[in-house]
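Note that subunit A is present in both complexes that follow, paired respectively with subunit B and with subunit C.
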Partner chain A sequence: MKIKLNHDIYLVASSFLVVILTFLFFKPVFATVSSTSTVITVNVNSVLSINSSGSVTINVTPLPSGVQSANSDNVSVSTSNTNGYTLQLSNASSSTTSLSDGSSHYILATPSVYTSPGILNANYWGFCSTTLAGFVCPSGPLTNQTISSSYNFAKVPVLGSPVSLKVTNTTSANDATTVWYAASLDTSQPSGNYTGVVMYTATPN
Partner chain B sequence: MKKILLKTFLLTTLVFPMLLSLAIFSIGYAKADTAINVSVCQIMNTPTISVDNTGTSLNISGNSGEQTLVTEHLFRDSNEVANFNTDMQGNYSISTDLLIGSYDYMIKSIDGCNTTKTSETLTVSHSGGLGGIIEVIRNTFFSQINTINSPINETSKVLTNMSGTTS
Partner chain C sequence: MIISRTFSRNINSAILVLSVLLSAVFISGASATVATSSTSTLITANLSSVLFLSSSNCGSACNLNFTPTGTGTYCTVYDNLSYFTNNSGGYNLYISDNSSSTAALIGASTIPSTATVSGGGSASALSSANTWGYSAYPDPYSLSSTNGVKFGSTVNASTNYPSGVTLGTLSGGLQTTATTGTSSCGTSSLTGSPTFAGIPLYSAPQVISYSASQVATTYSTVFYGIYANTAKPSGAYTTTVVYTIVAT
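Then we have the complex of A and B:
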């Protein structure tokens, strides 16, 4: 009897051992009942693009009393940024606001600033944008017109101190902004081709 | 389990900052430049035109008044045959082939502001050989025809074409 009892103990112990070994060596069998998850994340990055005419031509044949010519530039901005964008304007140069003929002749920027635009007097150039308060711009191109006090112009600020033309708060596709440029000249201005470069910057909000 | 934890750690510590940096880059500012070109011109005069010949070439000269940013274009029967600039006084002179036949010559001045002034049109009729001799005789009866210098067996005449455009 004693011998049989020991035998039973050994049998029970060995059974436990088999069960434990089964758990240890056949764990993958039980892994099928566990679960895991993967988060699929799609990052849709904001896109921002800007286009301008690239060139604005203003022809002036001055008279002694002065004449005014103007032409426009169209700037379009597209963005998928849901907070919109900010459009800024400045000269491409950080040192000058004048137009140059490449030698020693210049057309100076009007002394009026964008916070207080004014009449464009003879021998100055400037910009006009109806997106800003206080500006009244031509409704179409001007060629050798009498200098008008009806329109307000301001100097394009130097690089690094831009003027904000527009601030939006949503996405946009080819959102257009028209910027007018004009020159008023009299016959004291030497003939020639005068050039300067302005820069538009669109920044996501 | 350790592998899962390791992957999770790598994703959160390495990949996410990479995605974040890409997002910042993609929403950066955008720029566009525009050149502002102002052409300053002077008031133009209507160019004058006159012709003469050396027997083998035709000399065309005149004055276009304004000289800065102005280019003169010589047209023969509406085809441009030459373009040139005047001197500082607006004078110009150019030689071209004296062709047998009748041709219309005209000067068109165009300045940097695309203002155009057109001279009157001159018709140059040039005959050679026997025809030239006949023209010499005919010209003695038609004084309104201006005969310009030619060799003895040739003749040239210039007619002012009043239908020519002058602006």
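Then we have the complex of A and C:
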């Protein structure tokens, strides 16, 4: 009898436990308002585009004392990125900063660096951008002018070590940046067409 | 029942929180940006060829002033040239008379130029009276075996050039010790057996200096010699010599 009573107790207890577990794991249906929601997400990716002139030509007819010519490149950046963009400049080459005529003749990059631009002496080339501190650029193209100490130029760094020309913090449409390139040459530099490629890189902030 | 309702609310709350979290994830995804964008520009420096040439010693005229003897008198005078070019292909420096018909000195009579020498040929002494010619230093033969005139067997200024001129030099070989534009004359044969070539006509200029690459300021000295006797009437005999530098 005692044993049966215990059995009944266990039966009742087990049934009660089943009920409890049923409530725990199965959502009961009550006659109340039920709702659900869906998140509508529109992913608007920011866009960024960059353009440059593609070609800058500097014509020089040298004198023994040296002359300086300069011309400019216009870089425009558009972005919908609300944090703006960073514009960087470097050579396309990671190994040289010189202009070459393809025949073992070179116009070397000025030894001045962008943190300390300086006069562009004879037989060097360099860049100038007023977006950077310390630069004083020509107001217009120069052709065979006396080498001027009024302007400051620096070498275009190699690929991988770019100089940041501009940092913005908002969207922009065709935001223009002017970059000047100049060469100072005397008659000791062999004649010819000396070329090099510079690269502009715009990165969303 | 109360317990189960509580669970229901908690589960609904959990779903709501999960939705909010998912929304946050999606909202965060909305600020994704495109990759870095680049462009490039070709920088070209067009360096033109330039040439420069000047004759400095004689100025406007090289004068051979002398009094002849019956057996003949030798006189020399020289002109200094300086020139440079940045032309990567170098240059040719030519000499010629300004006439395409004669290179004679013309005055009361004519004093013809000694025999011209073809490219690479050897010049010779002024052996015939009443002739004149030119010599050059450095010897262009050593610079261009095909175009230049060989003025001596070796490039040795002390033996190749006229007497009366001490071959002191400035940088580049400029002859310095003779008085500017004046002649040095003597009655004997010129010391060192200098050799001369005839002045070519304007239509056939002759190379006196040459390079296959650009040169900084370079110097050449051109000597003019005459061997004349009293058979020629006195007076001024003149012609004009042209120096031309051409990019190659």
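Definition applied: the second predicted complex is superposed on the first by the 170 of 205 C-alpha atoms of A that agree within 3 Å, B and C clash if a C-alpha of one lies under 4 Å from a C-alpha of the other, contacts with A are read in each partner's own complex, and residues count from 1 in each chain.
Operating definition for what follows: contacts are C-beta pairs under 8 Å (C-beta built on N, C-alpha and C of every residue); 3 or more make two chains touch, one makes a residue touch a chain.
Small disclaimer: the values here were computed from a predicted structure and weren't measured.
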Simultaneous placement of subunit C and subunit B on subunit A, clash or fit: clash
Contacts of A:56 with subunit B and subunit C, given as first, second, both or neither: both
Contacts of A:64 with subunit B and subunit C, given as first, second, both or neither: second
Partner chain in contact with A:113 - subunit B first, subunit C second, else both or neither: neither
Subunit B versus subunit C, judged by how many residues of subunit A each one touches: C
Touching partner for A:193 - first (subunit B), second (subunit C), both, neither: both
Which superposed partner A:37 touches (first subunit B, second subunit C, both, neither): second
First, second, both or neither for A:103, with subunit B first and subunit C second: second
Partner chain in contact with A:136 - subunit B first, subunit C second, else both or neither: neither
Partner chain in contact with A:158 - subunit B first, subunit C second, else both or neither: neither
Stretch in clash, subunit C with subunit B, out of 5-13, 41-49, 113-121 or 203-211: 41-49
Shared contact residues on subunit A - subunit B and subunit C: 36, 43, 45-63, 69, 73, 75, 81, 92, 99, 107, 125, 181, 183, 185, 187, 189-204
Residues of subunit A defined as touching subunit B within the complex: 36, 43, 45-63, 69, 73, 75, 77, 81, 92, 99, 107, 125, 181, 183, 185, 187, 189-204
Interfacial residue positions of subunit B with respect to subunit A in the complex: 4, 19, 22-23, 26-43, 68-69, 111-115
For the subunit C and subunit A complex, residues of the former touching the latter: 3-5, 7-8, 11, 15-16, 19, 22-23, 26-27, 29-34, 36-50, 52, 84-88, 213-214, 216-217
Parts of subunit A lying in touch with subunit C, wherever the complex brings them together: 23-24, 27-28, 30, 36-37, 39, 41-64, 69, 73, 75, 81, 92, 99, 101, 103, 105, 107, 125, 181, 183, 185-204
